[in-house]
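Structures are listed in the sections that come next.
Common to both upcoming complexes is chain A, partnered first by chain B, then by chain C.
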Partner chain A sequence: MKFKNSIIGGVTLLAIAMMILMPILLPSITLATEILIFALAALACNLLLGYTGLLSFGQGIFFGGGAYTASLVMIHLDFGLLGALFAATVIGSLLAFFVGALAIRRTGIYFVMLTLAFSQMAYFLAYTFSDWTGGDNGLLDVPRPPLSLFGFVISDLDSVESFYLFVALIFALVFILARRIIQSPFGTTLVAIRENEGRASAVGFSTNYFKLVAFVISGAITGMAGALYAMLLNFAPLSNIELLMSENILIMTIIGGTSSLLGSLLGAGAIVLIGDLLSSIWPRWMMILGAALIAVVLFMPGGLWGGLEALYLKLTGKNKSTQSSSSEDKK
Partner chain B sequence: MNLYLFQALNGIGLGMIYFLISVGLTIIFGLLNFVNFAHGAFYLLGAYLSFSVVSITGNYWLALILAPIFIAFIALLCEKTLIKRVYHLPHTYQILVTLGVALIIQELCISIWGPIGKNISPPDSLKGVVQLGEFFYPQYRLFVIVFAAIVAFGVWILLDKTKFGALVRAGSEDAETLSLLGTHTHRLFSITFALGVGLAGLAGVLAAPIKGIHPFIGPEILGLAFFVVVIGGMGSFTGALVGGLLVGLVQSLMTTFWPQGASLMIYGAMAFVILLRPYGLFGRA
Partner chain C sequence: MSNDYLLQTSNLGLDYGAFSAVGNVDLKIKKGTIHTVIGPNGAGKTSLFHCLTGERKPTRGSVLFNDANITHLAAHKRVSAGMSRSFQVTSLFQNLSVRENLRIAAQGRDGLKALKFWISQTANKAHIQKAEEVLAKIQLESVADRFAGELSHGQQRVLEVGMALCGSPELLLLDEPTSGMGVDDIPIMTNLIAQLGKEHTVMLIEHNMRLVMSISDRITVMHQGNILLEGSPDEIKGDERVKKAYLGESGNE
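Take a look at the complex of A and B:
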């Protein structure tokens, strides 16, 4: 038990260490902020894919929905920062509730196609209601209000550093919360559903209820990430809600590795960074993502995190028994 | 009234193209139990290849023959090296691997042909119009309907009347038993995959003079093809034909008054069908 707890602490510490190192090592703090925002979205996707076994092409709905919600309530209703974040989280979870409640009625390929259909519907809805969403031009002039609590201004968040700190704080909170969730009986039930849904159901778990709750949690986090992204860019583009966004979030999650939440941070970091470095010199860098996706699925199912873990175990020469206990911890 | 007739004919043409895309997807799913998310990308590649053949040789007919064959060949290579490794894995893995293939093909197309869309004109002999009663209709669009119908008939003969078709149908029921009975199922799988993907390439060539070629059309085409397959039922030839025509007609008639609504309605209907009749209108439960 003690060993397990140290692993939990270790992973959280690693995540925090990465958050401290990123703004120092990366070329710009805005880039580090973007990584953390996408890491939030990938983490939410990981809860579904890695822990519940649900492949969702609908994450863009919640991401774009969160971005639009936060932007609209800040522009039209003068919501503050936390209010807008909260609104985006609520709308994200409501959208996820709607999509999830319908999609989980089917399994396998039909489930995937339902999320795909909803994703396309959300895109065309956003495109159709261009009076609200700005259509192709996106929603411009999204404000970034100061961070205030009960009328007391804590920070104006005008500088990139302060906004990074704010996003890092949110990421840390969500990360710890998500780890609590997956370690809880609820989380282990999700894993049971992933491993064998029929058996989980036979043991007496109402599997659809668990899948729906996982969906809602995932939608809430993704909606929040979308809101933060709109605040970062001061802009909510239509591409937030495109199918491509859903695919990108999925790819980050898989390349990072679905066996640990830290994988999502690695995946988001790797892809945002590669995109930033390559997009100016080679606009077709997405080709690498395609190849990386194939490679990870076929040859490195653990993703970047799995690779690093294997490397670490090799270097430290830990014996088989610790290796198996740490893999037990993951499951 | 004329306008509706005109749009209905357009819809049938579009529907036949959708059928050609979807029938490949549905055969591959039926026989191989394989979900091909790269199907839309192969359609795109077919359209671009026809653009190159037309701009080099100036001959559309050559493009109509060469491009689909080339696409089928690429699909065969893809199957031999990559796809066959994924057959035994769960659908999730198949989706992710073919999503990767789709991304590579799309980006490859953009780096070869550029990010801006291309247009090709129909062959000279089909540039005119035909007088149908009171109105004029482009010859090329009529040609697409007739040609696609001939191909559809050919595919039906192939699947329903030949030994190859019998093997494909037997394999859809139980590939393992078929293999035990002495059929080289790996070869059957390769040929079927190449055939299905080649049909998507052919659809791309046929559609290029009508719809133009846009580098990001792949995912949209894939979505539509899945919709057709879902309506028709996975693995059903008749389903793909009826579904394709239905989608083509609805889309074409809707575009006259609410274009975005057409897409909204199609994806809404897709969700509806999956929820109420998951095996489609013609599928087997």
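Take a look at the complex of A and C:
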């Protein structure tokens, strides 16, 4: 019990096991890298959707913003790898602060519509400022500088293996941080806000501050994911900041399951993998994605993680009451 | 000169358009008492209650709490000032355990300190202790690990009061604590409130007369937005005007 819920035990070990297995089992390591990058974005989305109950269409703004920021500071200002990642994280959190501060002034459907409006605005801004963003063509020739710390080059990250390792390391750190967050006083308050915002306010929480900080953390992680994606592709396409990106991140989060951070890794894995396998066979593969989303929402409300959890409990013959205590966001 | 009154309203009123839900109310709640507000439906009890909790901004008048003017203080900030409330319609974190409901409520007292996302929730022993203490007080230990939504209605009403208790309030505001409770459960609530009255100042709105008469130190009767009468239970019981207010004033026209 204690071990299962500690921030480095339990699901964190499962996540690390998946990170070790993915490059071995998947057809290419680049694919595994892409999965981890989107898993970062989905995990950040999950903090908002699963733990705070906020459905944000703004995630693409932070993802695209992070990708552009990292690319621009590397191209024009000669930033190193870690510097560029840091800049993208900061810009991601600032964008999230701005969007969040305005959007959380409304709740429910109006909140969703506000994030949607911001998302559209960000896309057209990126499209309009094509001198900076490359517009439709995207930003080309994004470098991937070597990983160096205090002037010592640790790895040149030229090989796909070394870049995967680097991304996996970042994912593991963010995963552990996110586990800490959801089990902190802050995280438990977010769950309380999701459950019943009126009551959370009545027991003394300024719920808007909590929602805003959740937004900022989510934006920071998403911005970092965007930066890594630009480094992976050596390219920052306009599609990073499109509404479709926000949708994809949301779909990954929902299909993976919103009750667990590991669900986000499963969701990102499933979507990226399905896309990779099917897009070469059938150009209209997105239809299958739609069907998968409908199936999960209708028949598997807990997402892939919830389904696996239920299956595990069925196989081991545990009854339902133990399921509640094993669910991740309970203490 | 020290002030005996924990809460004082003067000339407090709340209008909805042309309609005055609360007229001009001077309510004084003495420290350490159980003070009940009663009155027929539409007397303005709930509107008055909302002005005290901060849910509604009063149209006129002021609210003093511990001699500080809190008339315009936001509802959630009143918790750290030392007043907390329960709801007439049960409002809990349904999918969290009873223990976690109480722990979060205790955490709420510290307001923005709970923004700490880098420490474990178990780091603050005071909140956990408070939750355990309240759990014992409201006698729900046996169901502490069940989801709040799984409890019986009576137990949920008790937990509702427990949530307010976790804010370690000086003043406990209870909005119809027995609302919807079965007759068998009402003595539990009566005892609980009587017990709480020993440590807190309690102000409640209530319809159950047996409960009101047995535990109140003071009773304020409201009628048509104003205070009709205030007194001890015995004084209220025998008063003709109160009976009239409840039974209607037909024949007076």
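Please note the rule applied: the second predicted complex is superposed on the first by the 316 of 331 C-alpha atoms of A that agree within 3 Å, B and C clash if a C-alpha of one lies under 4 Å from a C-alpha of the other, contacts with A are read in each partner's own complex, and residues count from 1 in each chain.
As a working rule, contacts are C-beta pairs under 8 Å (C-beta built on N, C-alpha and C of every residue); 3 or more make two chains touch, one makes a residue touch a chain.
For clarity, every value in this text was computed on a predicted model and none was experimentally measured.
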Fit or clash between chain C and chain B when superposed on chain A: fit
First, second, both or neither for A:Val11, with chain B first and chain C second: neither
Partner chain in contact with A:Ala172 - chain B first, chain C second, else both or neither: neither
Touched partner set for A:Val203, first chain B, second chain C, both or neither: second
Chain B versus chain C as contact partner of A:Thr188, first or second or both or neither: second
Apex chain A: angle to the C-alpha centres of chain B and chain C, given in degrees as a multiple of 10: 80
Lowest inter-chain C-alpha distance for chain C and chain B in the superposed arrangement, angstrom: 15
Chain C-contacting residues of chain A that also contact chain B: none
Complex interface listing, chain B residues touching chain A: 35, 82, 85-86, 91-93, 95-97, 99-104, 106-108, 110-111, 115, 219, 223, 226-227, 230, 260-261, 263-264, 267-268, 270-271, 274-275, 278
Contact set on chain A toward chain C in their complex: 180-181, 183-189, 191-192, 195-196, 198-207, 209-210, 213, 217, 324-325, 330-331
Residues of chain C touching chain A in the complex: 53, 75-77, 79-80, 84-85, 87, 91-97, 100, 103-105, 107-124, 127, 145, 147, 163, 166-167
Touch list for chain A against partner chain B, complex: 53, 55, 102, 105-106, 108-110, 112-114, 116-118, 120-121, 124-125, 127-128, 243-244, 247, 250-251, 254, 283-284, 286-287, 289-294, 297-298
